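Shared between the two complexes below is chain A, which has chain B as its partner in the first and chain C in the second.
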Partner chain A sequence: MTEAWRHFAAALLAGDERQAYTILIEDTRPSIRVYKEIITPAMYDIGEKWLRNEITVADEHLATSVCDFALAQYTFQFKQRNRQSEKKAMFLCLEDEQHVIGSKMIAALFEENHWQVRHLGPNLPLSDALKSAEQWHPDVIGLSAAIPYRITALKEYIAAFEQLSWEPQILVGGRVVAMHDLRAYCGRQTRVIYDLDEVAAWLEEKTEAPADGVR
Partner chain B sequence: MNQQAGNDALLDKIVEEIFNAYPSLYERYGENGKKRTREDNQHHLDYLQSAYDADDSKLFVDYTVWLHELLSARGMNEKIIIDNYERLIPLLKDHMDKGKYDFFKACLEEGIQILIAEKKKDEEDN
Partner chain C sequence: MVSGKFLPLPYFLLDEELAILDYSRSASDIFLIGDNFITLVDEESRQKVSQYIQPDFSEIEIELNMKTKYSPLAVFGISVKWEGNKAHILCVEKTKEVDNLSGQLIKLRSRLSDTDFELLEKKEELEDAIERIHKLSGPFIPLYAEAGLVPLFGDLQADKLRVIEENILYRIDEGDYEQVFFDFHAVGEITDDGKKQLGQLFETIQLMGTKTMIVGLSPSQVRGFKSKGTLKAPSMASLKQAISEYIKKQNHK
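Take a look at the complex of A and B:
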């Protein structure tokens, strides 16, 4: 049997939103495994196909857009029945950083654990991110970076968020964490996240009620 | 000279050198080719700067391996990157202090060595 992620990747490249969503919603695995075993390998495969010149940039953008839609539809089931807690988590991608799917999966895990979540999307300048944080006072700020040359900027974002008066927990993830040891730039409030399981374990420590996504 | 103006002048020089050395590039790709070469070199400099800030030359070496894979898949071999890196080294000298220049130069030389090794591997495979 072909692995589900291959079917999912094919649906993304075909621009078939209905099929992509159906693959996710009909899968019986817990949500975290859907993210890890279907969405993540499919998106990595699409990135590799672009690198090998087997698909165009336009194909890659279409696949990302369909994936974004399917993921949003899939996570909406948790949003609909969520009883929201007081806890708030804000996610964003650094300026010039366009890769949003990874942080959206992390955001979904928070939502399933009843957190109030705001995802501020790709390419957010630090000054705007800080303003938004000061207005909303999130308990957690999740930063995502996939492009290695943004490491310098990532240091600035971490340092700025660590100065916030209410001392939010800062989580840093994305492909760069596998490429360079970021821990030297992180104060005691900041944690480097290497995979979704680590987020789930962290959430479990913080959350008393079981997650909606675990079925 | 501020950083951006310095980078602009450096990018102008490297594009000019490459297109002077290979006039056929202009015949084939025109102004768009110059624009792309400038963007590519901006990327090289971004990654060099990032490696320097992080004090981790591996960031630049990994980038070189990735770039080689990207260009190979598009019909360009490692010679074009080696030539570009070799031309960058002397040009960088006037645009930064010695400490940073030494780091950038070491990264570019490490990148060139990796590409030469890739070239050998390709020749053995064929």
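Take a look at the complex of A and C:
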């Protein structure tokens, strides 16, 4: 049997958003495994296909958009009544960064755990991100960066968010964290996230935090 | 050989090691030219260069991310043609096209997510409105210090009754009522689940020590009432009659 992620990658490259969504929604695995075992390998495979000269950058962009759309539909089931939740998380990609799928999957995990979530999208200048943060006061700010040359910008974003008065937890993820050791730029409030399981464990930790028996 | 110096596109002549032997003026306008072609290529595209720019592929087109004077990451379409152990390379920038495309896709994406979000908000508004309608379909009205009236409205389903129940039980508990009238005059259909739920509600109220009086239930609605709670509740045809009997009894006390 061909693995689901291969079918998913094929649907993305064919621009078939309905098929892509059907593959996700009909899969019986829990959402985190859908993200890890279908979406992630499919997106990596598409990157590899470009390196193998099988597809163009334009194909990649189209595939990413179809993936984004299918993911948004898939995660819609978790967008339930989190308005009253006191826990707020904000996600964004740095300026000039278009790699949005990873942070969307993480945002969806937060939503599934009943957090109020705002995803500000790709390519967000620091000043806009700060403005949003100051208006909304999120407890968690998730930053995503994939392009290595943006690492100086990432440092600026981290430093700026660490200055915020209510001291939000900052999570940094994306492809760059696997390529560069970022810990030197991270203060007490900042944590580097290497994969989805780590996010899930962190969320679990947060949910279980009041372990005094009076949930 | 004709020189490529004045070609209107970035052009390079490379040897097998990809050392730059010659280039066009347009190339030096765009790139900071070093000794080797590889230095112009973004680190993550270099694997592609060593794999595809070699004499085995005598004629090939590939895409590369390249570093220009203006951008650390620009997409180029590269056409390669080998002539013996020398490669002729033409570079055509695609960044603009790709940016246009991705700009359009981003616009589409954000419109989609806005639509999603608006739909979600509407859905939540609708759910709130339904809950409110449910609540209003069974208000608790205090008639006297010891008697209350619950006029029920519309079709009765289990989920609606669950919403109504919460308020009624709270009010009875708070007010120490002896009797509650349930007026069914404005009720349409009652689903089977609704009948079950009603029976449970009556039983609960009776357990709390409050009498339930059913008023104005029509024959078609009665069918299917099986629970103890409903059967134990006395019933009357009209509210006027029920209330006046209640008052008479009170006066006799």
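Rule of thumb we're sticking to: the second predicted complex is superposed on the first by the 202 of 215 C-alpha atoms of A that agree within 3 Å, B and C clash if a C-alpha of one lies under 4 Å from a C-alpha of the other, contacts with A are read in each partner's own complex, and residues count from 1 in each chain.
Quick note on the criterion: a contact is a pair of C-beta atoms (placed from the backbone, for glycine too) under 8 Å apart; a residue touches a chain by one contact, two chains touch by 3 or more.
These numbers were taken from a predicted model, which means no experiment stands behind them.
Asks: Using the superposition on chain A, decide if chain B and chain C clash or fit.
Replies: In the arrangement built by aligning on chain A, the partners chain C and chain B clash.
Asks: Look at A:Pro148 in the shared chain and tell me whether it touches chain B only, chain C only, both, or neither; answer first, second, both or neither.
Replies: Both partners, chain B and chain C.
Asks: Examine A:Pro122 and indicate which partner it touches, taking first as chain B and second as chain C; both and neither are also allowed.
Replies: In the superposition, A:Pro122 contacts chain C only.
Asks: Under the stated touch criterion, which partner chain does A:Arg29 make contact with: chain B (first), chain C (second), both, or neither?
Replies: Touch partners of A:Arg29: none, neither chain B nor chain C.
Asks: Give the label of whichever partner, chain B or chain C, reaches more residues of chain A.
Replies: C
Asks: Look at A:His180 in the shared chain and tell me whether it touches chain B only, chain C only, both, or neither; answer first, second, both or neither.
Replies: first
Asks: Go through the superposed model and pick first if A:Lys79 touches only chain B, second if only chain C, both, or neither.
Replies: A:Lys79: touches chain C, not chain B.
Asks: If you stack the two complexes on chain A, which partner ends up touching A:Ala58: first (chain B), second (chain C), both, or neither?
Replies: second
Asks: Could you pull out which residues of chain A sit against chain B in one structure and against chain C in the other?
Replies: On chain A, the overlap between the chain B and chain C contacts is residues 51, 53, 148-149.
Asks: Mind listing the chain C positions that touch chain A in their complex?
Replies: Chain C residues touching chain A: 43-45, 47-48, 51-52, 60, 62-63, 72-73, 75, 94, 97-98, 101-102, 105-106, 108-110, 112-113, 116, 120, 124.
Asks: Going by the contact rule at the top, pick out the chain A residues touching chain C in the complex.
Replies: On the chain A side, the touching residues are 50-51, 53, 56-58, 61-62, 64-65, 68-69, 72, 76, 79, 81, 83, 98, 119, 121-123, 147-149.
Asks: Can you tell me which positions in chain B touch chain A when the two form their complex?
Replies: Checking each residue of chain B against chain A gives 43, 46-47, 49-50, 53-54, 56, 58-59, 62-63, 66, 69-70, 73-74.
Asks: Write out the stretch or stretches of chain A touching chain B in their complex.
Replies: So the residues of chain A touching chain B come out as 51-54, 148-152, 155, 179-180.
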